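Alright, structures below, take your time with them.
Two complexes come next, and they have one chain in common, subunit A, joined by subunit B in the first and subunit C in the second.
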Partner chain A sequence: MTTRRVLISPGSSSPLRVSAGGVDASGAQFDDLIFDANQPPLRVAINGWMRVPYVAAGDSNILRWATGPALPATPAGAYPLFLLMWYAPTADPAFEGSYAPGRSPYGTGTCYSQNFGAGGAVGDGRFTGISFNKQTILFSGDPFPNFTDQTRIAYCIFRNYQ
Partner chain B sequence: MTVFAIYEPTGQITQANKVYDPDGYDKLLDDQGHSYLALQSNTLPSFEHWYVDVGANELAERPLMPVEVSKSAIKAGADDTALITGIPKNAKVTIFAAGAVLHTLDPVDAIELEIAIPVPCVYSVRIELWPYRECKLNIEAF
Partner chain C sequence: MSTRRVVIGKRADGAYGIFVSKAGFDAYTTADSNLLLNVSSKVSTLLLLGKVSSTQTIALGLSRSPIVLVTTQNSLSGLPGYSGSGGPCRPSPLMSMTPDGSGGYTVGYTTPGTATINGNGASMTVTCGGPTVYAVYSKAFT
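What follows is the complex of A and B.
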């Protein structure tokens, strides 16, 4: 087993400051290593969900989007970050009439050579939710009728505080 | 905790946000032209169960449809049928099976729907009318 030893040393080139310099991290006490608040901490600012129009089969657009939550201003040089999950209606009888929680924001369908999913972006003072459905075959019927409700995106947005 | 439910003129909630530092957030929403309801709550209202009663300016539960079905399993290819009653006027009805929409009635011009199925399979019937909760029934033909 390889042991890596890290010496925590404060210095002008490091953005981090520690409570005690020159400490070997492999055997140090936590109190000797704890960082102070030199860097603005990220904290949860908003968590929630939003709806985005679903891209139906045969839609000439492969993307749909909707305006999401307004974002609070961040300190100069800092930007809000976000994590998200995609909530989608499911055909699984175990989740009948409900949304399957915690899906990744991307999926593929072997049928119809399809890629679909949802995502988002932060910019212009707001979060924008995006739903996409890339199909290599266009067809008149909707093979995923359970998706006729809107796609729902769940997110957690962080921001810097100073 | 302050939750902001943003809604359309019909009262449909399009997004719900739990804001951890809510000071000034209402002004941000005003500046962006959103209609919203601010609530003191630790949970986010789900779209499936809640909407905003715009007249009363408060959160309200979406009512259940008074829909009933006579049976959920019928014999395929026979005279057997399932009768769905209590469908609200002007509701949209979608019937699908095996991953494809078979019929869309928008709006359905009746308050009852009788379904016969020629081959063994499971038909799903979805009934929608705002602000009712979406109703979905499965009818299996064997």
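What follows is the complex of A and C.
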């Protein structure tokens, strides 16, 4: 049987399909398709990173935020899709001045029931970077590292919106 | 010699897909770096995008479980000094801070949105307490 990798079918439910190797594009399941003209591809609008002040240990103000780039235009009430990762300054002297690998936007620590991390939001025409650090027991200074740098947030904002 | 800007099907390197080259480059033979569009990679695809304002079950009609990302709208009123109406936020829930009147703050959490896949992709239930955007993706190929 012929395996059609690319199928152009004007008038059908999907005018253009590209399948994975060994799979006929005609009857391929959604995750066996490389491209389906029925689905809107993700389109990147803005890709970059920004700084947000880190929340120091013992600070009762556990949230920090900073203004990021302007968002692509969307209809009223709609917001662009976005993804992000955060990069925390590492306290390890061996890596002084460097950043830990990218993490998901939320983290917890067993040390003093600490909740920490960073994330962001889209709204009011701009991306907002946010960092937070909540400790059940608040100390000023040790045993927490004295962060002098800032949190970095990598963001990817798409033209797709909802 | 003709310069093919668009190739649909097999390229000289054996890859199958849809290819569009930069002006002056042959889409059939040029290096990947000279392509404006290269639809040959196994990547996730956005299958469905929508928004609900309360808990709702949405028909997917799939026979395999997709990947779903949900983002709950947040007023961002917990950010000291922030002015505006906010929008979709990660992480969800975002911590909130309310002045307690003594110079300190009461820390709280806003309700997160979640998605549960039913029937191996037949439908999904988005559970939320406010406007929540869901994005359904195909799994990345392995």
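Rule of thumb we're sticking to: the second predicted complex is superposed on the first by the 101 of 162 C-alpha atoms of A that agree within 3 Å, B and C clash if a C-alpha of one lies under 4 Å from a C-alpha of the other, contacts with A are read in each partner's own complex, and residues count from 1 in each chain.
In the analysis below, contacts are C-beta pairs under 8 Å (C-beta built on N, C-alpha and C of every residue); 3 or more make two chains touch, one makes a residue touch a chain.
These numbers were taken from a predicted model, which means no experiment stands behind them.
Student: For A:6 in the superposed arrangement: first (subunit B), second (subunit C), both or neither?
Tutor: second
Student: Answer with first, second, both or neither: which of subunit B and subunit C does A:69 touch in the superposed model?
Tutor: first
Student: Look at A:33 in the shared chain and tell me whether it touches subunit B only, subunit C only, both, or neither; answer first, second, both or neither.
Tutor: So A:33 only meets subunit C here.
Student: Examine A:47 and indicate which partner it touches, taking first as subunit B and second as subunit C; both and neither are also allowed.
Tutor: It touches subunit B, and subunit C stays clear.
Student: Check the residue A:152 against both partner chains and state whether it touches subunit B (first), subunit C (second), both, or neither.
Tutor: First partner only, subunit B.
Student: Is the number of subunit A residues in contact higher for subunit B or for subunit C?
Tutor: Larger number of subunit A residues touched: C.
Student: Name, in rising order, each residue of subunit A that touches subunit B in their complex.
Tutor: 43-51, 66-72, 91, 96-99, 111, 125-126, 141-145, 148-149, 152
Student: Quick check: in the complex, which residue numbers of subunit C touch subunit A?
Tutor: Residues in contact with subunit A: 8-10, 16-18, 39-43, 45-47, 49-51, 62-64, 66, 73-74, 76, 78-80, 82, 84-91, 94-95, 97, 103-105, 107, 133, 135, 138-139, 141.
Student: Taking the touch rule as given, give the residues of subunit A at its contact with subunit C in the complex, in rising order.
Tutor: Interface residues on the subunit A side: 5-6, 8, 16, 18, 20-21, 29-31, 33-36, 39-42, 60-63, 65, 79, 81-82, 84, 104-106, 115, 117, 119-124, 128, 130, 132, 134, 160, 162.
Student: Spell out the part of subunit B that touches subunit A in their complex, as residue ranges.
Tutor: Listed in rising order, the residues are 3-4, 6, 14-21, 24-25, 28-29, 31-32, 34, 44, 47-48, 94, 96, 99-101, 124, 126, 134, 136, 138.
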